[in-house]
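Alright, structures below, take your time with them.
Presented sequentially are two complexes of chain A, the first with chain B as partner and the second with chain C.
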Partner chain A sequence: MGNERLLNFAIKYGFLILLAGLILYFSLAAPGFASPRSAVFVLQSVAITGILALGVTCTLVVDGFDLSIGAVATSALMLSAYAMVVLELSAGMAIVLCLLMGAAVGLVNGLLIVKFRVPDLLATLGMMFLLIGLQRIPTQGNSIATGMSLPDGSTAEGTFSSTFLWLGRHRLDFFLENLVPLPVVVFLLIAVGIWLFLGFTRQGRLMYAIGSNERAAGLVGTPVSRYKIMAYMISGVMASVGGVLLAARLGRGDIASGTNLLLDSVAAALIGFAVLGAARPNAFGTATGALFVGILLQGLTMMNAPYYTQDFVKGAVLVIALVFTFYLSSRRGVGGH
Partner chain B sequence: MFRRHLLKLAGAAALATGTALPIAAQDMPAPFDAPEDVKIALVRYLSTGDFFQSYLSGVEQQSEALGVDLRVFDSRQDAALQADMVDQAIALGVDGIIIQHGLTESMKPAAQRAVDAGIKVVAFDVNVENEAIPQVEQSDYMLAKLALDQAIEDHGTEFTAGYVYVPGIAPLDRRDTAWQEVKEANPGITEVAQFGTLDNPIANSVANQARSVLQANPTINVMFAPYDEFAKGVKIAVDEAGLTQDIDIYSADVSTADIAAMRESDSAWVATVATNPSVVGEVSVRTLAMMLAGEETESNVIVPPTLITQDFLNENDVQNMDQLGEKLPQFQHADVAMTDWMPLPAR
Partner chain C sequence: MTQTACKIRGLEKSFGQNHVLRGIDLDLHPGEVTVLMGANGAGKSTLVKVLCGYHRKDAGQLELMGTPFDPADAAEAISLGVVTVHQNINDGVIPDLDVATNLTLDRLTEPGAGLFVRDRELREQARRVAEGMGLTMDVRTSVGDLDVADRQMIAIARAMARAPKVLILDEPTSSLSATEAERLFELIDRLRGQGVAILYISHRVSDIRRVADKIVCMRDGAISGIFTEAPLDYEGAVSAMLGHRMTDVDITPQQGADPVLELRGIRLTSDAAPLDFTARDGEVVAITGLLGSGKTKMAEVVFGLSQPLAGKMQLDGQVYSPAHPRQAVARGVFMSPKDRGSNAVIPDFDISDNMTLPFLGAFSRGSFLSGRRQRRATDAMIERIGVVCQGGSDSILTLSGGNQQKVMIGRWLIEPSRVLLLDEPFQGVDIGARRDIGRHIRATAQGRATIVFVSEIDEALEIADRIVVLHEGAVAGEHINQNIDLTALVSQVSGPAWEEAGAEG
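== the complex of A and B ==
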């Protein structure tokens, strides 16, 4: 029986213990790692992928998948820049436009999947390519910055408003002066919000029910289609929030495919399966997963590890996490979902 | 020189009167006496991003100035497709081909087939190992060297540096050669950290790395980031760490957005060195035109880079690439692959 208890303990707390061990190791090995500032920029580096990951978690909960989040984020990045620099709209309008765009993309994704019966991976894959192309059309493939020449020969006069940049760059005083950047606060608020929503509301629990057995959930009267569409809309909106924060940090509309954003956030969500032995998508796990990858990468960078080790390490963490989830949990007899 | 100015004037006049006719076609040697019958193709490997966009516009403008028919083939980083596109261009009966980037392995045989078909070929930034094909290149080595010379001028031969580099990318490797040489020649320069990533959005990923590097190495006073996306990321990190007064960033490449970033108040990004990609595009077409007219070209056509400092941008109130070209004539036009009959794009 001792073995069994050890196994249960390993499944439940193994990942958190690994996380604590890592923090301890880097604190000793990398000078400057153990400081409040360094903790904050670990958080900052994962804030954007974390927000995207929380969105994708919602689609994983209903047994779906959203491959378009990276592209939605970079589309929001371009859209906000376009709105402010070329159309000279206010920061508020730009943000509203981006959120609407995210929701609209989510709605289309949802409709494609629910109404047109396109498999989720394919529908969102198509959407991904569509958006990568679409975001380049208005500027003919150029990045957006103040002073850029427009196709009609004039110069873009608009600027990123200071309110907008404030979103990505402002730091709140928290024990130390100018410590916590706003994106981190947004990330934490969204994490708590999604955690409460998925775990403690009727809607959240119904979404889990749909994810574990769609037909059964439907038979007991759950409006399955509506919930699935909602999951994709949440995912789209989260991705556009991430894109807005990215634009506010960069201060320009950068052409980017967002593939790395997609991969990093999906990795975070999958690592999240292993946290506390949940073996299913959950907001707390996703946030922890994002943090785990962030701590590893920051620590390695501080120790001057070359860039290719970082991909290797990310992959290794993901594989270990998946082993935790699927192999150990199945031995415990509650695996899968 | 004088003649070229005349031609420029004539070009401006032609544009002003609304005739988009090539400049004084009868002055140009065959086959450009009937330029509308000359067909050239641009076969691209890389196309996404400001640099490639600007390169394309240079190619288009110079082709328009010559009055030739330009076809653009875009393989979007598909090496096999790019080789097929060269064959398509051959089948189309073009007179000349510009190969823009690509892999030596896939482009070498394709380029040879084009040469065998009697087509003139120019390669930009890809070595197709063919004596009949001149290589147009921007000198990446000189880009890095000029930036480092400026760093030494500002900081002397003793400073602590952070270096942003991703090995295995040809232009970055060539820039790295300059850095290694400068370090060797100046033992007072210490590199305490090397980092870098091409995860996109690159600036954001590099900013995350640079934050930790700055935290771990508070002694850094120079950041050498020989690619503008790297420099942008480092600048974000320096701003976030509140170290704008303590660190100077030296980089390579330039764009309108980069100019804005360099000119922000208290910007740590003090200098960059760049070749105007649009000029490189023009030079590629001119080199091809000279070959078509049966003139001799160099086997390596090198477009020289220009140093651009923050002070220069501020003194001249430069806002974008167009104004940079006006204020810095050597950035607007490179006196490379020029003949006395060559028409230049109207500026």
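== the complex of A and C ==
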């Protein structure tokens, strides 16, 4: 039936066509949009959100949810600043501390959910609050920068090491000089890594099985609890990577930054459901979803749309994507039988 | 007998193609307990759901105390006097509220109820209801703190507060101990005295013996037997419920070689006798028994899903005590669980991923899956057990029930096993697929012990070399599948308690 073919086509490629259409439209309407610099700017604007979104995708795959990612990222931001500025540790040590912190938060989230049977949304919401509070305690609610005065009266002597800042600010030569910032490279590497892990390894396949029917997955001998905990640990580590990159870009432990990280990355992951008609969490979709939001905002900005319309636009995209995923797919489901 | 409380004539109900009720005629009389028996899928829950207003009937007449009765929803059925206490007790009570509130909840929703709750008055009302039912607990206790039996009583008391003409009890003793059940029976006696017509759904011999005035059996959507004369013919009833058409499958029973799985003194429940059982290499054993006879529990114990209360298991002469299905699978003990929809099918996956799920490790290099190897194994298995589909990349949900079940069983045939457990492998499976599965299980039986758990005797006769009957967690009989004395088999299924009943009475 022609109608059904059309519907299937719309579900599968609709979102990508929309994305291509957007790019085309902005290229014609906004001079300078279709340039390497502008493309890199889009990538840079979504890199950190995208990394967090890839982490939360792993928890979505096991039918969970991680609301603590934003807080983990800002905690990593503060922790790295505290480690270097106040404790005067090396960049390497600071990064290791942050990754360990992310893994530990993921482990606690996982244990709360698996062992203590706390519903995922509530467990990670609690963890989010806890971390937002915790990251303020050591500095009495202040941002961290070299020369700040400490509670004991002394001044912080440490500095952000140049290696650390290099992570956030270095740009690789690619066709043009100083084109691609390192965070973009990290984002792309992680995207490929998570894509391979979820889509092509047996561990990834078992995680999808758990998300689809946990009981059935357990009854074929899958260690369900272990995989769920692992998903939350991946999510925590990804969020801390995002936080480290954010700290390296900002160069200070800014208490107020990263407020939008949670919503933006969850939106990217959910928009990802609609890509290629997957109707389930997937790494390619998540990365595309993050890019989609970035391109839309960049294009609108270049066409002089005011900054305060941004959240509205993101929300609209999310709602449309969700309709794509759930309404159209359910119609396909009915039509298929 | 005075008036008929509920009169059912020619009741029919279909869901799509599925003709579930095919003309039911049944009378329920005031002050009489009618026990309804039927195997899974016989249509008894559909009958109950039509009576309690959950489904609309397609055809036929229903009368309640002489007036036509066709409830549009559950609320209407209740207000007309048909009240149901469902199997899941917590559906009938609100655990966080106290007994008094639970007993008087309906008054709070009545039109004209005041804005403020007058606690003292409600408690007084509740106390009167409780006394009328012979309940002695403090009405201020929270229902969540009561034991299961008391909660059940509260659910029934709530139902009784509406002075029903017909009370339907769906497997009410399924989570009660013997003493708790006795309290329920006393309550039923009291209600019978008050002239309520009771429809009681259960398979437990002890229940039926205790409360039944009449037994009605259903099979394939029709009434297959009504037993009213005392003493009630329970064996006849079980036989009418299960039916046993002779099957056209020819089986030459295999003796089996060395013992593979041995159960010694396993106790499945606290009031069950110890169970001894041996499964041998190359034989197919069917374990049969009524609901609650311990079949599923036994499968769970062997697969490491639950632990026996006592006893030991051996696998190939070695100690075997799995704590988790993973350990069972590692020792070569595989299980295809019952209710494939909730326990086995991964709805988001295609046939190939569903089929290879337990053994993904065998289809990957390092961590990376080889889609080609998965497909090759799947295609081979599809060919072997005859799954009707386009190919391994079809979504599992596009398959019919029988074909889905073939995939679920094929999943465990990919790797060789020592013990293969199949719990209700023919559930929701058409006769053709059932034959295919049975034939394939028998054809591959060498090199392992196969244990099939089935409720229907037909199915056991079709597949097994040996049939073991479970009753209340213990072995009630054992037969080699050749010229079986079906009467003896049926009487073992229904349980020895029945004959004792005659002796006592």
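Of note:
We take it that the second predicted complex is superposed on the first by the 329 of 337 C-alpha atoms of A that agree within 3 Å, B and C clash if a C-alpha of one lies under 4 Å from a C-alpha of the other, contacts with A are read in each partner's own complex, and residues count from 1 in each chain.
By our rule, a residue touches a chain if its C-beta (ideal position, glycine included) is under 8 Å from a C-beta of that chain, and two chains touch if they have at least 3 such contacts.
These numbers were taken from a predicted model, which means no experiment stands behind them.
For the composite obtained by overlaying on chain A, chain B and chain C can both be accommodated side by side without a clash. Of the two partner chains placed by the overlay, neither chain B nor chain C lies in contact with A:Arg226.
Judged by the touch definition given at the top, the superposed model places A:Arg215 against chain C, while chain B stays out of reach. Judged by the touch definition given at the top, the superposed model places A:Phe200 against chain C, while chain B stays out of reach. In the superposed model, A:Lys115 makes contact with neither chain B nor chain C.
Taking chain B and chain C in turn and counting the residues of chain A each one touches, the greater count comes from B.
After the two structures are overlaid on chain A, the closest C-alpha atoms of chain B and chain C sit 28 Å apart. Shared contact residues of chain A, touching chain B in one structure and chain C in the other, are absent. Against chain C, the residues of chain A that register as touching in their complex are 196, 200-203, 205-206, 208-209, 211-213, 215-223, 280, 336-337.
Note for the complex: chain C touches chain A at residues 305, 324-326, 328-330, 335, 337, 342-349, 353, 357-358, 360-361, 363-364, 367-369, 398, 411. Of all residues in chain B, those touching chain A in their complex are 47-50, 53, 166, 193-205, 207-209, 211-213, 215-216, 218, 232, 236, 239-240, 242, 255-257, 259-261, 319-322.
Partner chain B is touched in their complex by these residues of chain A: 30-33, 35, 37-38, 41, 44-45, 48, 74, 77, 140-149, 155, 169, 178, 181, 246, 249-252, 254-261, 297-299, 301-304, 306-307, 310.
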